[in-house]
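Which chain is which? They are A, B, C, D, E, F, G and H, in the order written, and residues in each are numbered from 1.
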Amino acid sequence: MHRFEDMGFCKLDIDREERTGHPEVIFGLGKTADQTEAIFARLVEVHGRALVTRASPETAERITARFPEAVYDAPSRLIRYGSPRRSFKGTVMVVSGGTSDLPVAEEAAGTAEWMGCRVDRIYDVGVAGIDRLLAHRERIREAHVVIAVAGMEGALPSVVGGMVRRPVIAVPTSVGYGANLQGVTTLLAMLTSCASGLTVVNIDNGFGAAYHAAMILQLVAEADA
Amino acid sequence: MHRFEDMGFCKLDIDREERTGHPEVIFGLGKTADQTEAIFARLVEVHGRALVTRASPETAERITARFPEAVYDAPSRLIRYGSPRRSFKGTVMVVSGGTSDLPVAEEAAGTAEWMGCRVDRIYDVGVAGIDRLLAHRERIREAHVVIAVAGMEGALPSVVGGMVRRPVIAVPTSVGYGANLQGVTTLLAMLTSCASGLTVVNIDNGFGAAYHAAMILQLVAEADA
Amino acid sequence: MHRFEDMGFCKLDIDREERTGHPEVIFGLGKTADQTEAIFARLVEVHGRALVTRASPETAERITARFPEAVYDAPSRLIRYGSPRRSFKGTVMVVSGGTSDLPVAEEAAGTAEWMGCRVDRIYDVGVAGIDRLLAHRERIREAHVVIAVAGMEGALPSVVGGMVRRPVIAVPTSVGYGANLQGVTTLLAMLTSCASGLTVVNIDNGFGAAYHAAMILQLVAEADA
Amino acid sequence: MHRFEDMGFCKLDIDREERTGHPEVIFGLGKTADQTEAIFARLVEVHGRALVTRASPETAERITARFPEAVYDAPSRLIRYGSPRRSFKGTVMVVSGGTSDLPVAEEAAGTAEWMGCRVDRIYDVGVAGIDRLLAHRERIREAHVVIAVAGMEGALPSVVGGMVRRPVIAVPTSVGYGANLQGVTTLLAMLTSCASGLTVVNIDNGFGAAYHAAMILQLVAEADA
Amino acid sequence: MHRFEDMGFCKLDIDREERTGHPEVIFGLGKTADQTEAIFARLVEVHGRALVTRASPETAERITARFPEAVYDAPSRLIRYGSPRRSFKGTVMVVSGGTSDLPVAEEAAGTAEWMGCRVDRIYDVGVAGIDRLLAHRERIREAHVVIAVAGMEGALPSVVGGMVRRPVIAVPTSVGYGANLQGVTTLLAMLTSCASGLTVVNIDNGFGAAYHAAMILQLVAEADA
Amino acid sequence: MHRFEDMGFCKLDIDREERTGHPEVIFGLGKTADQTEAIFARLVEVHGRALVTRASPETAERITARFPEAVYDAPSRLIRYGSPRRSFKGTVMVVSGGTSDLPVAEEAAGTAEWMGCRVDRIYDVGVAGIDRLLAHRERIREAHVVIAVAGMEGALPSVVGGMVRRPVIAVPTSVGYGANLQGVTTLLAMLTSCASGLTVVNIDNGFGAAYHAAMILQLVAEADA
Amino acid sequence: MHRFEDMGFCKLDIDREERTGHPEVIFGLGKTADQTEAIFARLVEVHGRALVTRASPETAERITARFPEAVYDAPSRLIRYGSPRRSFKGTVMVVSGGTSDLPVAEEAAGTAEWMGCRVDRIYDVGVAGIDRLLAHRERIREAHVVIAVAGMEGALPSVVGGMVRRPVIAVPTSVGYGANLQGVTTLLAMLTSCASGLTVVNIDNGFGAAYHAAMILQLVAEADA
Amino acid sequence: MHRFEDMGFCKLDIDREERTGHPEVIFGLGKTADQTEAIFARLVEVHGRALVTRASPETAERITARFPEAVYDAPSRLIRYGSPRRSFKGTVMVVSGGTSDLPVAEEAAGTAEWMGCRVDRIYDVGVAGIDRLLAHRERIREAHVVIAVAGMEGALPSVVGGMVRRPVIAVPTSVGYGANLQGVTTLLAMLTSCASGLTVVNIDNGFGAAYHAAMILQLVAEADA
């Protein structure tokens, strides 16, 4: 039985860092600024670090006012505070298809960094101009884990997946229109990729992909020991 | 006002060749062998040539028995009879993603040939092994029109579309499973391609893509005159 | 290997005009005014012409202020700058079903003109008043390529497709309500058209249809040579 | 309160003819041959006539063996027995798009006849060969009610709806493939028709359209009195 | 061939009243106030009457300012002008399920009145309080045509359909939430009604139902002659 | 911690009767006859009674051969063995819309009986002949819990729900066609019912409704004590 | 026949309390403040108590100004007035998955209280931190009815359902994003739960679950008598 | 540029083992027995080992006849031949929800073993009997990677994901019915899991999950070096 701290509107999972290696992360969507601030403050107190995803500008303003060391990145909507307990060896590569995928790619990159990963970014290498991607083939092959972020038809992870000997995580984005169905088409396309071993997260879920990648690097670190 | 011939269960469009350059094609799905045979016989009589798509083996057997010159190709389910009135200059390139896309690719190729096009085929060059496609880049660039047939995530047309200065037609196939939704995912993904100017036809509709391609080559031929 | 220019947030495809005949076009949706302006300026510098689709009024104001020769058309949301390198022989016909389809029809027409096509427009000829369309039958038959723009049940391309001996591209629009599902019904209906050889682009994608049409006229021009 | 007769597995609505002008019709789908036969026999006894829709060949064989006057039409799957109590003045026009729509068109026509309507049929006049339809414009305009049966993109009712001053009922069929989604696309397209006042019934529901048409002719007959 | 008047942005169907018995009706959605006003003025000039559906308050204000006799009904968003050429004998009954269905019910009622029908209204008689409906059973049975408007599970038309010997038209509304899918569930439920002969129009399409009803009463009137 | 018995391919929940009042029930779908027989035998051994839902004829034959006291009901696909430990006071009313809903209604009725409930059945009282239902209004009002089984538009539970002061559970069936979408329309319609407090189970899940009803009667029994 | 009071825009069901045990509840969505106030006032007059769900702040302000005893709870959007006629014995447990589910959970809890139930609340016990739920296992098992409110994958009711011998009602919420499809995924997942006897209500329908729960406790109370 | 071997109907990726660590795997669905056998034979020749997924019994019989060392496992439809080049350190845990998920779980387990992983299996631990899962909590926590296979509401991966500090891959299965939509509901539910860092593969894609897991263990092995 793990310990939880009852904050009234929520039950804080304070044993989580011990259990999983990382403190609870605050999912900002659907929480009031009051709620987010209260949880944030308690996490900082207990763990010395905190991360908010999908933070609204209002929440960000409130938190950075109270915690001047907290950093808000508007495009990715992340609020980061504190340093990872340890840095993992190896690199998480974040590749993305187009300019509009940048916020999601940065959510992934920022989360991975906050969790202790070194991140390499290659953006705007969508498959309709395949040479942009091919120019970075070797650099991608050197990463330990690859996160491939793409909208529209979502083909980038398939091409990347066929190039590397490392786990690839696909992140669909909701940047298309019409038949894109707010990213549902991209999501389903990635799930039916012809590349082997690709795994997929929810639409725009850069956080989830980064968390999975960090779990992999944590395993490498702890399997080493 | 164009002329139609009333065959009871259908009204045959006998002016069609004059109007569009090609006789009516018989869509075999949902027609009985009797109906298909009757229309086939009348088309041969009027135009000297005929094409059936989606022919069942029973229909094929019936027609090839009566018309020994008719050729049935089982994988593509085409029955072809007669030669095109003229051969178009230029090449239709049919590229396909995987082994399972072959029947649809052949429906496209066979239709285009029957309509008077020269066809070049490059099969099994799906994007998860991108070098297979890149190896044929120049050959693809030399075609006049490109038909790109793919199932699963349907990324092939996007990559091809970014390589060429020619019209590209995408054909989704229904070879996937699960999240592929019998090809609907592939179809929607192709419609939201990041490549410019790609057009798309219905799932497994190799015939439609070939017809569009032949219309393009016919235009080239007639604009020349 | 083609050259790309790294602008930080994007990788500009400067070899594109040489490769495909036309410079990269800026898809305005999801780009900030800053990003669009920067790419626009660089494209003008390199190619002497540029096109933005789905431009917001803010972006349009910013660009026309800096580039007084740039022309913004509010209904179609196009910003056009410069003249096509060459004019193609032949005509692109743009027909549309109803008054509400006009913005998409104009996106198609404006794009085709910017790419060097002569455009003929016939608007508000939806099939529920079939004589409006029939009155222009001959004029439609004279075009080299037909773009048929329609919302609701999307029947216009089917009727047009049966009339002509030229390639027809169908563009569904999102003007309906209820069972129209924001144009998805129109899109799917066009894909299952009973007319032969119709190809289809994404909902409201007038640009894509025009691009495909221009590729066809470019082929005619280059096949002539 | 109306009377119902309890047959154990069903409650027969024997007051229905008095209430609505017509006896209950047996929907054959999902009923065993035993159940259908029992209801059929009782309806014949009470009303002197009966109709089964969607009858399986087995059920048809059973019933025609016992009731030699009963007539089974295999394509439409109707079993008809007896004559309508009265014949309505006026004509129900059944038009259909293609050869494959014939079974549904015949379900409509046969039902309307059994209910006392005179039926005029014009088949295979789909919109992709618009002159076939236009050739019958005047004949269609003379009908009292029009039932338009079509599959694929379902455009026929829209074109017909714009021609006539009479009620039009659209019947989608499930003959397409791929993006047709077993007729759902056709259904939704008809519901978003740009023609005014079109009403629609379920996919393949020729019976329902005919019933509505007969209700209209019954109103004409009874309003006359 | 019917005459159309080219107004630039639209082709006005001025023969329509002669052909169908009623002038063209303006569908306000997706038209600018300028466009609507121009068409309205021309229709008044030619026919002496006009109807706008889905009129925005801005458009309504513009038109009623210029045409003081025009009447705007805010809930139903109808602008009515002028009197029907003739009044049909018989009654259109409009029944509705709940308070929130009132705007759509009034669109139906107002349209039918403008077209020359006498309308009887029974509102808020949803099936979850079945006695409210049963209390009006005889009054409903006396109508010539019934329009049944309902949201949520859309059961009202099924119950009404089993009571009457007259044509029933079902109108689904978009008043539900969640599993209602903006009225799509209601629409599909009505299409699979167990009542015979029900026909259905698009979600919230009170106009379409009324137009069909008026066509029926027009038939009665003209069949009488 | 509860005890589970490891049978290799499954972990039998032998504490379940103590915990919930009833032994585990075997869901037959997707289990081989071997697997079902093995679990059945063990349940009989431990609890002296067993129930299989969705049993195939093969499985039924196997089990009734070995356990002659086991009773197989082909329409509902239930295999029942043994008597309930106690009989609950009160009645579960099972009402159904049409003849085709009978198998699902019987799955509900048979399950409820096996669990110790007294069951009252009223079948074929669909809303399109409302008097059939009204005739049993008082009998329905006397039940303790009502299970309303219906296909098509699924309106029966809404009408019943407005009549009674007892919990009502709606069971959608998959008997429709076309727009019914294999019962999904029925399911969604029931979920958006205008009757208060209706709860819904999965399509064709008569078992689930009966289980919920039995839990209610068990509560009544145990709250009495 | 039950009595209804005609208020013009609605027919008030004043016999409802006698028939079902509770007065009609006002569903605020889609009603104007005027309409809600008028019904509210009449209900207070007749029954001495009233409940509004989905009340907008405007409506709430209007009503609390006129009825100072009325209490508005902003998160759950309930307006409550008056006390239940009697209090039921037993407890309704409301458990919820996450902080964002609180408004729906409170709609359930507040409704149940207004109807006379004692409510126990356990919030933020989602399954991804299973020990939070397990810590309250005994307390949950002691309730008479359980309402399980959850968003995202909606797994909470399945876990709870396996723990208790009491009826469980699942309420999906619309708090997710992307593949959650505004709660439709949660709804469908709950309907296919592997726990026996779970019933489900519409997305965000806390009211419906509470009403069903109160019907159960009312049955217990009245079966006792 | 990698080498591909042209086999006519396919282009074999013979460099794949060098590039990714593993030879190409044959996806049996949609390939003829001839095609599968030819590729299998060539893979055995080049790499000394081969794997077929989704093999039909016919294909299995053909291959095991020719290659007696090949092993066919009917439930998982895998044909395995040869030993992995090296064995990875660490364990892949495969947990599954119910008996019906076994074939997919075994596809995952068998693939992982063929690729060189040690596999631990815990089956039939679905969340509706949560103690079955909790009993194995420590054993699951000791694995290096977890594959969680589940059908129905797909909750298992969420519960597991909250317990471990290792990467978790979720595999939805298609074992449900009705609202399960052939596994699509399960898939979408897993994608919206409230557990952090879960990644998901296509419905029934045990192979894909195992491949991703093996890539992780391969990284651990190679990062060690």
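Assume contacts are C-beta pairs under 8 Å (C-beta built on N, C-alpha and C of every residue); 3 or more make two chains touch, one makes a residue touch a chain.
Because the structure is a prediction, the values reported are computed rather than measured.
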Practice task
From subunit C, count the fewest steps through touching chains until subunit G is reached.
Solution key: 2
Practice task
Give a one-word verdict, same or different, on whether subunit A and subunit C use largely identical residue numbers at their interface, taking over half shared as same.
Solution key: different
Exercise for the section: Could you pull out the chain whose C-alpha mean position is farthest off from that of subunit B? Expected result: G
Completion exercise
Between subunit A and subunit F, the Cα-mean centres are separated in Å by 45
Handout entry: Approximate Å spacing (C-alpha centroids) for the pair subunit F, subunit G
Key = 25
Completion exercise
Whole-angstrom distance, CA centroid of subunit B to CA centroid of subunit H, is 36
Practice task
Name the residues of subunit C that each touch 2 or more other chains.
Solution key: 98, 129, 134, 163, 177-181, 187, 191-192, 196, 202
Completion exercise
Pairwise, the chains that touch are A-B, A-C, A-G, A-H, B-C, B-D, B-H, C-D, C-E, D-E, D-F, E-F, E-G, F-G, F-H, G-H
Problem - Interfacial residue positions of subunit B with respect to subunit H in the complex - result: 98-100, 102, 123-125, 129, 131-132, 134-135, 175, 177-181
Fill in the blank from the handout: As the complex stands, subunit B meets subunit A at residues 97-98, 126-130, 134, 152-155, 158-159, 161-163, 176-181, 185-186, 188-196
Handout entry: For the subunit G and subunit E complex, residues of the former touching the latter
Key = 1-2, 4, 9-11, 13, 16, 29-31, 35, 172, 174, 182-184, 187, 202-205
Completion exercise
The answer for subunit A against subunit H in the complex is residues 19-21, 25, 89-90, 144-145, 163-169, 187, 191-192, 196-202, 207-209, 211-212, 214-216, 218-220, 223-224
